[in-house]
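What follows is a single structure, and I will ask about it in a moment.
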Amino acid sequence: MSLRSIRLSVYRQLEPTAWPRKGLSPTNMMLALLILIAVVNAIIETEPSISGGHESFFDDLEVGVASIFLIEYIARVWTVVENPRFAGYRFPRLRYALTPIALIDMAAILPAFFAFGGASSLVLRFFRVFRMIRLAKLGRTSRAWLTIREAFYEKRYEFGLVLGLVAIDVLISGSLLYWAEADAQPEKFGSIPRAMWWAIVTLTTVGYGDAYPVTTLGKIAASFAAITGVMLIALPTGLFAASFTEGIERHKSSGDEGPDA
Amino acid sequence: MSLRSIRLSVYRQLEPTAWPRKGLSPTNMMLALLILIAVVNAIIETEPSISGGHESFFDDLEVGVASIFLIEYIARVWTVVENPRFAGYRFPRLRYALTPIALIDMAAILPAFFAFGGASSLVLRFFRVFRMIRLAKLGRTSRAWLTIREAFYEKRYEFGLVLGLVAIDVLISGSLLYWAEADAQPEKFGSIPRAMWWAIVTLTTVGYGDAYPVTTLGKIAASFAAITGVMLIALPTGLFAASFTEGIERHKSSGDEGPDA
Amino acid sequence: MSLRSIRLSVYRQLEPTAWPRKGLSPTNMMLALLILIAVVNAIIETEPSISGGHESFFDDLEVGVASIFLIEYIARVWTVVENPRFAGYRFPRLRYALTPIALIDMAAILPAFFAFGGASSLVLRFFRVFRMIRLAKLGRTSRAWLTIREAFYEKRYEFGLVLGLVAIDVLISGSLLYWAEADAQPEKFGSIPRAMWWAIVTLTTVGYGDAYPVTTLGKIAASFAAITGVMLIALPTGLFAASFTEGIERHKSSGDEGPDA
Amino acid sequence: MSLRSIRLSVYRQLEPTAWPRKGLSPTNMMLALLILIAVVNAIIETEPSISGGHESFFDDLEVGVASIFLIEYIARVWTVVENPRFAGYRFPRLRYALTPIALIDMAAILPAFFAFGGASSLVLRFFRVFRMIRLAKLGRTSRAWLTIREAFYEKRYEFGLVLGLVAIDVLISGSLLYWAEADAQPEKFGSIPRAMWWAIVTLTTVGYGDAYPVTTLGKIAASFAAITGVMLIALPTGLFAASFTEGIERHKSSGDEGPDA
């Protein structure tokens, strides 16, 4: 068995679109599992009541899993010459290493070996999730993903406008409450940025209760804000519903049997 | 009147699909009422301000109603030979007793007679509700149930994907807030699992107020989390709406007069 | 001018469907305004910081407006013989006085003259709002009302089923949290009815924050409850959307120009 | 280059619809940026932890930006004679100065130069946002804006009715809670207006937690209120969804290729 044939079978194991059979290759299944383990590891490692006294175990697991990802990364760089998309170029491996996908992979692996600042390296580690998303896009979820992405793309200007309306509503509601409540609650409504935090919490109907109006005027303004918030939330929902319905119609008229054919 | 004819009429009383007339048989109506009584009994029995001093009454009611369910269970096992679905098999009664439906029935009856651990036996008792659902599926609600189940089934991959997106959003929002708020509020954001609890409460817009960001950075991150949460909630609603609309169209084009024909 | 012709013109002034011109009769407009005044009066009368020291003014206004309603009631009973719906019967006035509409009117008028228990008479006074709804149904809102009522009626079994699913979710979520949190927070989760209050507040995403889980197990269960709650809320929204869309289609295919023709 | 040709080119720079090329003119882009700066300035100026000690910088920026807006305003009045809409009239400049748009512009500029009462002048300054909206309506967002406005216009009576139903639900829920909780919590439910604040916070599912029922009766009434609130919120969402879907259909049947053609 020549080195080239080994490279080809490694490539087929790693590149989901090159896998000749249905579903994911055993290597990719194992890698998906390892990503899940690495993510769960990174989550519970931060909880002292679980990781307390076992820090070295979590660290070892982290480094161990990252080592496999590093091997995978090297194998990907090595086998990328089999990929027709990179075959025509002069430095296919370098070119691959500079794609956003490969850079994210690298950024997700490195923090395990070097001690960066705790939290920023943590965020980097979660880049691994992106690779899992790429694998997820392969199976049956790919059509689901397409449906949702299409619905969003179709109405992208409308969604942008809704975000703009939310921003204006946050600005107006925040200014009104600042005007009504600044004297009564300077700590919570003493400036527009503070009042805007209240406005976002109210308009999204989260309503923590850390800030709420106490004056009559403030309560009347807050009532209007809450009702406009509910109306604004109704807009994107209606847009998604219409776009999904339209997508179904389009697929039908273009000869498809619908998305569940 | 022979034993066989008695068995047949008992079977018709118990098996809703075998009942020759419209609606539910008198026996099933009474059983539905008894299930409701048993469920309400199990609920208020746990409230000391109501059951205090009357524990024996609640216990007696529990055992009394469960005895009727036991008789019903035995009658079902006895009469199952009348059911064409079980008629062809060698041990129809054993076969029936091992169906999930019969096992759930048994699991719902037993806790009344044996003193298991309080809470787990409680959960078992609520299995009775499942039988009520089965009865409910018979009447006019059966078409309603079909509409809802079809709408869900139609878009099952999309709903799965939405759950995946929610999980990723919880992960990212939780990590960001852990990064922004861990120092200011170690009790509430001192680990990613703790911050994920906050993330779920915020993204579903429940917003208890037990945990909320206090730093400027945390509030900005939380604002984005809240807005993405509202957008993610819009997705399943839009999917249901589209699927219900599609279901109506499908029924029309297949010659139906619509779901209310 | 005979008494009969006076009765006819009074009847036309009072009965919106008998009013020969467009819109509401002057009498009904004035009555709508009086209902609004009476309702606002009944609301602010209860606020001591506004009504304090002016109780007699509010009481006088209450009795004054109610006197006009009483005259209106007597005029309605007197003129009902002009109504073709009651013309054929033997005692048309008694028959009218016993309709639910007339009984509600009477129930809304009486509390102003007799001093019943404070709060229960208050609820009675709000019956006046129902009359306003009847007036509102005449104008352009009648088509809007029809659209909404039709959408609800069309899917009544589905909405019933959703309520049933909410009830089951409240029961299951409540039982789980009772099981997980009863020991840690007996005051808030010490019984299933108490835990069900938490469940309703969570599943509707209101989230007051008066009760929330503190144990890990409770938080995991609550996370599932919150997500199922959001999914259940998506159901009625999708049903309304589908039914409104269907209603539009139906009006189109039946030759209408759409609901805004 | 004559004064008239200067006026024409200034007019084309200022009036978006007169700009001969695609997109916005450089002047309008710069003005949009300045509006954004002025708005952000007005927001953070109120936050003492940022503006503390730099008040003069924020004031100077405010006056500086407002001066440019004043020059723009004068230029607009001067060049309005080029606008065909105003060309026919006798005093085109006065006529323009009295349009709502020009009055809002003036109202947004003046507070920077005169020291009115703090908060009311603040609200005036945010009128600038309206001009930004006018600019936004030009680009691709104009079609998005049309879609949303049409969907709202189409169902305006239905939305009005929903607001009416919300008002009635607030009234009934508030009265019930007043009746159930007034004795237990006079501070929060001691009058109907107070209970109505609770009702709005609950029905919009914001749920701050500043007021919630503590009696059994109050909790049962609040449960019904919360569920009816969720159902009422489902109504506008469904209306938007249906109206968006209908809009797509209408565009299709009128020969358009759909809104994304």
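Going by the order they are written in, the chains are A, B, C and D; count residues from 1 in each one.
Basically, contacts are C-beta pairs under 8 Å (C-beta built on N, C-alpha and C of every residue); 3 or more make two chains touch, one makes a residue touch a chain.
All figures in this text were calculated on a predicted structure; none of them were measured in a lab.
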Using the contact definition given at the top, which chains are in touch with both chain A and chain D? B, C
Far-end chain from chain D, centres as C-alpha averages: B
Same or different contact residues where chain D meets its copy chain C, judged by the half mark: different
Of the pairs C-D, A-C or B-D, which one shares over half of its contact pairs with A-D? C-D
Could you work out how far the Cα centre of chain A sits from that of chain C, in whole Å? 43
Chain centres from averaged Cα atoms put chain B and chain C apart, in whole Å, by 30
Multi-chain touching residues of chain A, meaning two or more other chains, are 205-209, 233, 237-239, 241-243, 245
Of chain B, residues touching chain A in the complex: 154-155, 157-158, 160-162, 164, 168, 171-172, 175-176, 178-179, 182, 190-194, 196, 202, 205-209, 212, 219, 223, 226-227, 229-231, 233-235, 237-239, 241-243, 245-246
Within their complex, state which residues of chain A touch chain B. 39, 42-44, 46-48, 50, 119-120, 122-123, 126, 129, 133, 136, 140-141, 143-145, 147-148, 151, 163, 166, 197, 200-201, 204-210, 233, 236-245, 247-248, 258, 260
Listed in rising order, chain B residues that touch chain D in their complex are 205-209, 237-238, 241, 245
